[in-house]
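Have a look at the structure that comes next, please.
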């Protein structure tokens, strides 16, 4: 039982990561791929934040009467990673807009066919 | 006074130059400025290499916080070697780019091109010099984002899909690395590479650490286009502007190979990776399949840039092969091939870019009869092509020689034979192009001028480097050997290195 | 103690209205009634919950912040509902009675 | 209690993720993604990561969703049914997932204060940073000072993204004669937007300068300020917004932000410290840290604001172009 209590968080997070990963590699629509990528990354962020959590701890901002704080380091890393994620998303979406204009479609198999024709 | 700061300068100079480029606005100014900064970085890197060969590792703590609390920049012989390659190629490509992009990129975007190039350079230098696992991820993303931009700058619409595929694969790779770093942090509580190494060595084996390593290796393999995760590379290199292909083919994947070396040898230790987890066999098999499958793919393409791209994947196979031999000599051969391959692939892509500029096509048909019409360009292409094959007196021969020697040292006769057999395929794919250039007549009524001087100079510098490092091997082999020694020797145990360096940092 | 129990009642009431809003969003027949249900969560439920929370503070800076959040929400949520409904109307969505009316007309004609 | 809330939220996330896999309506997919982001922000709050939650809510749920919707407006909202075999992706995912589950089996228990992650490097940040840096918010201390180089890299990433989007889509031309656009008929929206926009900008400033003491900082502030202008552009039309803040100015601002950050680093060079060593910026190390952190947070805020807004301008400009054609 304690086994499950210790790990349930990681397991669900793994499930979420894989859901996102599945969308990325299976989706045919490029916008959906980007959505999947975001879900994948957001779930990895959750893994990091879970690493830094201390049960009974408090947010890492100094306050009176609190002795146990959560670990600030993973928070910092994930702040960075979130911003990196949105940067990638915006470039990806901009590419999609251009692809739509050039090919008239954002479905992967359709423009692959057109690429082959050339 | 800049002496003590020199380890960090190759990163922050291009990083601060990129926004200045945007503010300069005019593309001529941006070109001059970017080239100047890149050349400056090259000079500093040479200095760093000489210092590291002389005095060993250079450590620099950012913000004055001693590692592992702060971020450390650490330059050793291996990173200095690859840093020289990256900054050197970048400077040459920038000189070359002015004429090359004039035709291939819309003129309103030239400033953006130089900015993205500088950002990419900053990211690659950051990956090479950082001593912090998470910081590596950040710089990886800077270089990747700049790369996607660079690839998508071409006027051909297929560059867009190529860039998008690259973006998806690259981000998956980076996220895998992020997962791996998280797992390492979870078990050790630190992110500094040396500190990680010291703490990982306390574990004989741990399922979390094993998984972390597996994810990092898969992530890095995507970035370095190891077979079968190479699918993004051929379209990206084919459809990117020539200057970008030349830059990326000779730097980006090499840096990823370096990252793999760093994680295997510095952080986890060869013992852990190869003996506990048995990664050497997997890497060896993948490397050999990559060499044959992709060399074969290169022989059947009609687009010359695609030929070169597939050849790149095959050559990466040689580098991984060297690493997977698990010996100092093998690692030396791998590092040496990073260096030499950058010289030859840079020259090849530059030559193809020159052909594209004059003929407007990179199809193999466009090369017909070019031997007479663009003699200097094609002569350069020929020499670099011979180097890819591994003909004696070229740089390619030296790395093949070391690879075969390393394989024979391990009694791996089949591997040695396969390395040589792979060269035969290289003869075919390079030979096809040379045949078209020298033995076929040009299409009627077409005459092409020789490439402009600004493109020929960097191209020929690389060609001469190919010949020079094929004859005088003391410098390249010496650096690679020192780097490999330092990476594999157990005596410089990470823990002692860290304490020494902490004493130095706090002074 | 008294404050705390009043606060609990307010919070439970707020939660109850959120729930009804959610049920309404699912069960109501057409777009406009659904927006109406959803805006219940935005308005009365948030007011109740934020007042419930205010009663649990020490009446310091946090209270002021909560009040500011409330003001902000009272500006934005009804506006959002209004914009939604207006755009829907503008875009040609009909209410349920109207749909029925048009259907009847279709049948009779 | 924390665990229970965590579990409920994770369950909701799982349902959202599953729904996204099977939905074909991309508009709904994007809205569900926004919900996913907000739910994960709630989890971050629940796990004491308030700064992260703030960023996820503003960056992930805010900007990302807006950009996705902007893309959908240009590409269409229906996903075509594909006849791809789903077997291979499923296999890859199952293998990857199995590897991860295998990896979790040796993990330290969730939330245990004795975990290695809580032992080695982190205690110094918790115990000494209030004295060394002089700020109560440890996340800001670590972000801006101990790991300031990461943050510099991150600013560069945002800048690189802006460069990428600008090179792909280009900025809208600054036109004097405003075309008929914006939501002319929505009187209520226009009035409320006029009230909200200045309040949001004020809030952004608060977040920018209060980041040392509470959750917040340059990133969040930059995004919130950008959101205020985005709201303005949505309600009053892009030409009005580009009239207020010109696209070329934004491009320069994005560059200037990075320069402020890197310039602070160089300043410590010339004052005798290492790169980004703020101790040397003033005679008293703690005061120096304070100056350094305010400066670099300003750089971050300026870059993020300018980059996010110019990215939005680029997308909105495309949409406007599509409308005219």
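As written, the chains take the letters A, B, C and D, and residue 1 is the first residue of each chain.
The definition used in the following text is that a contact is a pair of C-beta atoms (placed from the backbone, for glycine too) under 8 Å apart; a residue touches a chain by one contact, two chains touch by 3 or more.
Bear in mind that the values here come from a model prediction, so they are computed numbers and not experimental data.
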Item checked: Chain pair showing more contacts of the two, C-D and A-B -> A-B
Check: At what distance in angstrom does the C-alpha mean of chain B lie from that of chain A?
Finding: 28
Next item on the list: Quick one: report the Å distance separating chain A from chain C, using the average Cα coordinate of each chain.
Entry: 31
Checklist line | Geometric centre distance via CA averages, chain C-chain B, whole Å | finding: 57
Note to self: Quick check: what residues of chain B touch more than one other chain, meaning two or more?
What the structure shows: 134, 138, 141, 145, 148-149, 152, 179, 185-186, 191
Next item on the list: Give the residues of chain C that touch two or more other chains, as numbers and ranges in rising order.
Entry: none
Note to self: Which positions in chain D are in touch with at least two other chains?
What the structure shows: 100, 104-105, 107, 115, 117-118, 121-122, 125, 147, 150, 153-154, 157, 160-161, 164, 168
Check: Between which chains does touch occur?
Finding: A-B, A-D, B-D, C-D
Item checked: Footprint of chain B on chain D - complex, ascending -> 99-100, 102-108, 115-122, 124-125, 145-150, 152-154, 156-157, 159-161, 163-164, 166-168, 170, 251-252, 254-256, 258-259, 262-263, 265-266, 269, 273-279
Margin query: Going by the contact rule set out above, which residues of chain A touch chain D in the complex?
Written below: 5-23, 25-32, 34-36, 38-39, 42-43, 45-46, 49-63, 68-80, 82-91, 93-98, 100, 106-107, 109-110
Next item on the list: State the interface residues of chain D toward chain A in the complex, per the touch definition above.
Entry: 2-3, 6-7, 10-11, 13-14, 17-18, 20-21, 26, 29-30, 33, 36-37, 40, 43-44, 47-52, 55-56, 59-60, 63-64, 67-68, 70-72, 74-76, 79-80, 82, 84, 86, 89-90, 92-94, 96-97, 100-101, 104-105, 107, 109-113, 115, 117-118, 121-122, 125-126, 130, 136-139, 141-143, 147, 150-151, 153-154, 157-158, 160-161, 164-165, 168-169, 213-215, 219, 304, 311, 314-315, 318
Next item on the list: Could you please specify the touching residues of chain C with respect to chain D in the complex?
Entry: 72, 75-76, 79, 82-83, 86, 90
Margin query: If we count contacts the way the header does, which residues on chain D are in touch with chain C in the complex?
Written below: 183, 185-186, 188-189, 192, 195-196, 199
